[in-house]
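Look for chain A in each of the two complexes below; its partner is chain B in the first and chain C in the second.
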Partner chain A sequence: MKGFGHFPLILLSLVLFALLPFLPFGVWQAFLLDVGFFVLLFTALALSWDLVARTGQLSLAHGAFFGLGAYSAGLLAPQLGTLPALLLGALTAGAGALVLGSVTLRLHGLYFAIASLAFSEVLRTLALKLPFTGGPIGLPVPPPFAGAWPLATYYLSFGVLLLATALSLWAERSPFRLAQAATRQSEAVARVLGVRVVQVKLWSLLLGSLVAGLAGGVYGMKTLFLSPYDAFSLGRAVEALVIPIFGGLYTTLGPLVGGVVLVSLEQALRLWIKEGYLVVYGAILILVILFLPRGLVGILGRRRG
Partner chain B sequence: MELLLQTLLNGILMSGIYALVATGLALSLGVVGIVNFAHGEFLMMGAFLSYLLFAFRGMDPLLSLGLAFLAAFVVGALTYQGLIRPVLRAAELNQMLLTFGLSILLQNLALLLFGADTRVVAPPYQATTLSLGPFFLGVVPFGAFLLSLAILLMLQVFLTRSRFGLAMRAVSQNRLAPGLLGIEADKVYLLAFGLAAALAGVAGVMLSVMLYASPTVGFVFTLKSFAIVALAGLGNLKGVVPAALVLAMAEALVSTYLPGGGGLVEAVFFLVLFLALVGRAWRKA
Partner chain C sequence: MGKVVGFLVLLAGLAWAQVPLKVGVILPLSGASAVSGKAALNGIQLAADEANAAGKVRLELVVVDDGTDPAKAVPAFTKLMTVDKVDIVIGGLASGVTFALSGPVKQYGPLFLVIGAASSVVEQAFEGYPLFFHYHPWDYHNVAAALQFFQYLNREHGAKKVAILYEDGPFGSAGIGVYKQQLEKLGYQVQAEPFKAGSGQFTAILTRFRAFAPDILYWIGYDVDALPIATQARQVGLRPKLIYGAPPSWPIGFEKNPLSNDIAGMTAWLPTVANAESRRFVEAYRKKYGEVTEEYMAPMGYTILKSLALAAEKTGSADKNRIAEALAGLKMPTPFGLLSFKPSDTGRTKYQGFGSEIWFQFQYLQGSRRPVFPKEVATRPLRYPGEYYLR
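Take a look at the complex of A and B:
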């Protein structure tokens, strides 16, 4: 059964992440926890992107779902408290996904890719222009649980990753995987076999956007400040898709491995070159598509025979 | 009334460049069958080429036009040979990811090389205006409009009269039959992709004078061109010009009549795209 052989590895990496705050790293502790936070969050985002990609759809709107979740949670957190705000943030992102998906998912795949890209650009414009978002100045966000617990953001981020991993594993094991794969490989054949193609695509997008929105909400509570250029950045969508492609598409282990490698690399690169670190992501994307279409996990599988 | 007419006039002038860029995109989509997210980056390169030639050689952008056409054609052809050809038979998702990666790579490379500043090419005639009764025509937008129309007409002649043009249309209609008639699809793809890039490159030179050159200038045009192509129907070259006119007019009207419309102009293309897609989904269902 597919994905079963990877299960111990997945479990091991999750346990490592759960224990990270308690490992003795001395002066490096704070820095490593920061990097770990972003690794967890962006890996979750990457898994949520992969969930959509399994139906053959290229979502360039994950930056927008992330931003929608971040802004909704940030605006609601002072009134409602941390967890309800995060939940509503995820639901807002899901609502956006339903609007986008219901129009475009009936059409040929490229329309969805284009519309999703346009969707994220327009949401950024709206975040800049609408009266209640703070516009270009930005939006301050309170820390989770009024800052009572310093490790809260780390474990919230870990929670998002757990949810994303669980969803991904579920989609890999259940008959849903077959429906997704059939939709990806040939919509016409899938239809004939009785797969409700549009529904499968819409559900995948909805689940993906919920996780992305949740990740966005947690992100805002970590940075304590949101600006349209940061929250709705196209770079977020790029990260969300390069990580699974680098690690290995349509798997759960792939995004996990890709996330650990790439997000750590990115944190290092940001110290070195401030702007334009996305050059590396663009180059990786091209090289992997041309020479390594099955990603790192693909190499692993080949060695094992 | 005069304001309305002036607004519509501005819209018409802008539609020329839109049509030029979108025609290139429609060519790569219709003939090669590739969704090229990096199309706007060819435009960005044309704009920077024009800026560099102007800043360091003092070259008039009118002269840069020909150079940009050739340079963009070569870049487009090389892109086809090196990157597009290997994935022609791959899944559509992989093709789109590849061109998207190219777009990200080129944009951020430009960001590293030139910084995020906008750079304007300012030849002596840049701010000259003609007055036509109560209306004003900028010389540069007017010239760019005429030039775009001329190029589109030449393209039309090329596609309907020349052997290569006919081969291109044949390949866009059927992938298999032209091969049986002795048309080498690979050469046609190369030419079409190069031509698509060249059209964007020329438009980039015009934009470096009308607007500016910056790392992200091309990306907006990729999106707008997709909106135009979606409105025209995939691979429908004839529909591109009226669709470009619709988008340019809508943008001009929003920027004049909507309070605070200046920033919202950038959202108009989405409305056009959205309505085009809703119409298409509704017709299909």
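Take a look at the complex of A and C:
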């Protein structure tokens, strides 16, 4: 019941995000909604990465799943409409994960990381070369629901975070958590205990990729434009792994707190420090990693004894 | 006492006569385009100081960093609109980021003065937006200017074969098909090969090019590729008659390296450009910052703010629509030549500032960049064939 220990905090943050558009922030309202959009989206991406990390696999393919979802949704949205395009985008990312996973999930740790990095590079190159992706020039994407509802992108990203949180809580609460933990700690022992290691890793990768693909689709609808270097960027995958490390690995609350703090912190530092803000940002990251090895949620754990 | 009161009244009158103008500036001050972004900001701040000193307008700049990233640019732009409440925005350097801003720009409706964003995809995104003023030439202007030079090389120097080395990213790959097609139309034989951006390894491709024996080695990539290409072309014994590069900016200090000699490229401005506005800009820039810039985004930023201040001065108003009207009819000397707005070549946008006429070709000659083409701006004759072999 690990995940439910922090359930009130998780619920509270979700309720706050749901109500954000209606809170009285005055002139800061629109700005905070835009920041909130990216907080929600990158937090969902981080949760999806953490789902895979719980099996001990270091995925650098999350940029690729994000890009697959973004491009598929962007290409399909003009014909199918927003929601079917997003759904198919997520499924395409899932299909990509199945292909990657079926070939590489017998690899461990760093070897899988390298394979997943190569997968990202292949997909980025394909996006650059295929005739229907817009190639290096990029792909314009229509806004959701033809721009009829201004809050659509915000609530779509909230929906992605809800899904990511629900999946993460389910994974924490169910026996799947034990299978993931056993796989992470020792595959050989897990096998002896009867855990179908490859299957557990494949399911984790599939679930993570579905969320990442969905997040990519919503991202495209907000930025209205995709380029292979942005959509399939390695930086996206790195962001997805930094947030859970900062907030606390293998939990739902960790990436949630990490995403909210880290993405907001970056925006705030950019606003108030301007040039050189990355120095402060980097220093905070290093300090947290050095002194809070279990991330920000480690503080809560300590308080609870 | 009376004199003091009179003086105060005069001061108050002057302040009242000044047009107060709050201008949002959204540029990449971090991320991939930070060098160009900071250069542009320097130019903008210099022009703002000059305009404020002249006393007819009172400019207040609100600067935000777009991080060369749509995810950072969109909230930053929203802040300019809703928190800082500006009506006029200067920005839009990288094409991808500018495209991402097209939605919020249309939502909030500011006067948008665009400094870069050469991709014609951006032109499509802002089609029909009435307050969109694009100063920088579009990508098709860049292609036209480069092709004019290649036509000259073919006609006057008998160049027939071009080997194109292009990076596999958006900068190098966009339009490579069109380039190839157009060069073939000019009568060139073309062999084009991509390279991995930032790899620094060109010997395999350059060795293959050796069998093709090109007259021109044309590379489309970034500043970091300049030196490896100059070195490795010599190492493999490729002896083109001209090495022509098209990076967005050249490596700092490249001119001091003897290997840069005879390498040619295209730019919109150099500090040595001999027009009065350019000389004035270089002098003022040196005075304020203690150095001379070679980044053409600095005079571009300067030009944009100067034109804005002039338009505000003419209308005597801070109203964005009236300023846009004044800008539309403006004719102003700039470091790039005369600025005036006309519809873009495709007709998609109404106010296009500069076109292919601002581009010119230069060559690294004895430690500095010299304009060599077209002849109206050339200060030295083009060295063709150049010397690109190990001594």
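Note that the second predicted complex is superposed on the first by the 280 of 305 C-alpha atoms of A that agree within 3 Å, B and C clash if a C-alpha of one lies under 4 Å from a C-alpha of the other, contacts with A are read in each partner's own complex, and residues count from 1 in each chain.
Operating definition for what follows: a residue touches a chain if its C-beta (ideal position, glycine included) is under 8 Å from a C-beta of that chain, and two chains touch if they have at least 3 such contacts.
Here the structure is a predicted model, which is why all the values come from computation and not from measurement.
Student: So, A:128: does it touch chain B (first), chain C (second), both, or neither?
Tutor: After superposition on chain A, A:128 lies in contact with both partners, chain B and chain C.
Student: Where does A:278 make contact in the superposed view: on chain B (first), on chain C (second), on both, or on neither?
Tutor: both
Student: Between chain B (first) and chain C (second), which, if any, makes contact with A:299: first, second, both or neither?
Tutor: neither
Student: By the touch definition at the top of the document, which applies to A:193: first (chain B), second (chain C), both, or neither?
Tutor: neither
Student: First (chain B), second (chain C), both or neither: which does A:146 touch?
Tutor: A:146 contacts neither chain B nor chain C.
Student: In the superposed arrangement, does A:268 touch chain B (first), chain C (second), both or neither?
Tutor: Touch status of A:268: no partner.
Student: Check the residue A:12 against both partner chains and state whether it touches chain B (first), chain C (second), both, or neither.
Tutor: neither
Student: Thinking of the overlay built on chain A, is A:238 touched by chain B (first), by chain C (second), by both, or by neither?
Tutor: A:238 sits against chain B, while chain C stays out of touch.
Student: In the superposed arrangement, what residues of chain A touch both chain B and chain C?
Tutor: On chain A, the residues that contact chain B in one structure and chain C in the other are 125, 128, 275, 277-278.
Student: Per the contact definition, I'd like the list of chain A residues that touch chain B in the complex.
Tutor: The touching residues are 53, 56-58, 60, 103-104, 106-111, 113-115, 117-119, 121-122, 125-126, 128-129, 184, 238, 241-242, 245, 273, 275-279, 281-286, 289-290, 293.
Student: So in the complex, which bits of chain A are touching chain C?
Tutor: Interface residues on the chain A side: 27-31, 33-35, 38, 42, 125, 128, 135-138, 140, 143, 147, 150, 219, 222-225, 227-230, 266-267, 270-271, 274-275, 277-278.
Student: Could you pull out which chain C residues touch chain A in their complex?
Tutor: 29-30, 63-65, 67, 69-72, 74-76, 78-79, 81-83, 85, 95-96, 99-100, 102-103, 107, 119, 121, 124-125, 168-175
Student: Mind listing the chain B positions that touch chain A in their complex?
Tutor: Residues of chain B touching chain A: 35, 37, 83, 86-87, 90-94, 96-98, 100-109, 111-112, 116, 223, 226-227, 230, 234, 260, 263-264, 266-267, 269-270, 273-274, 277-278, 280-281, 284-285.
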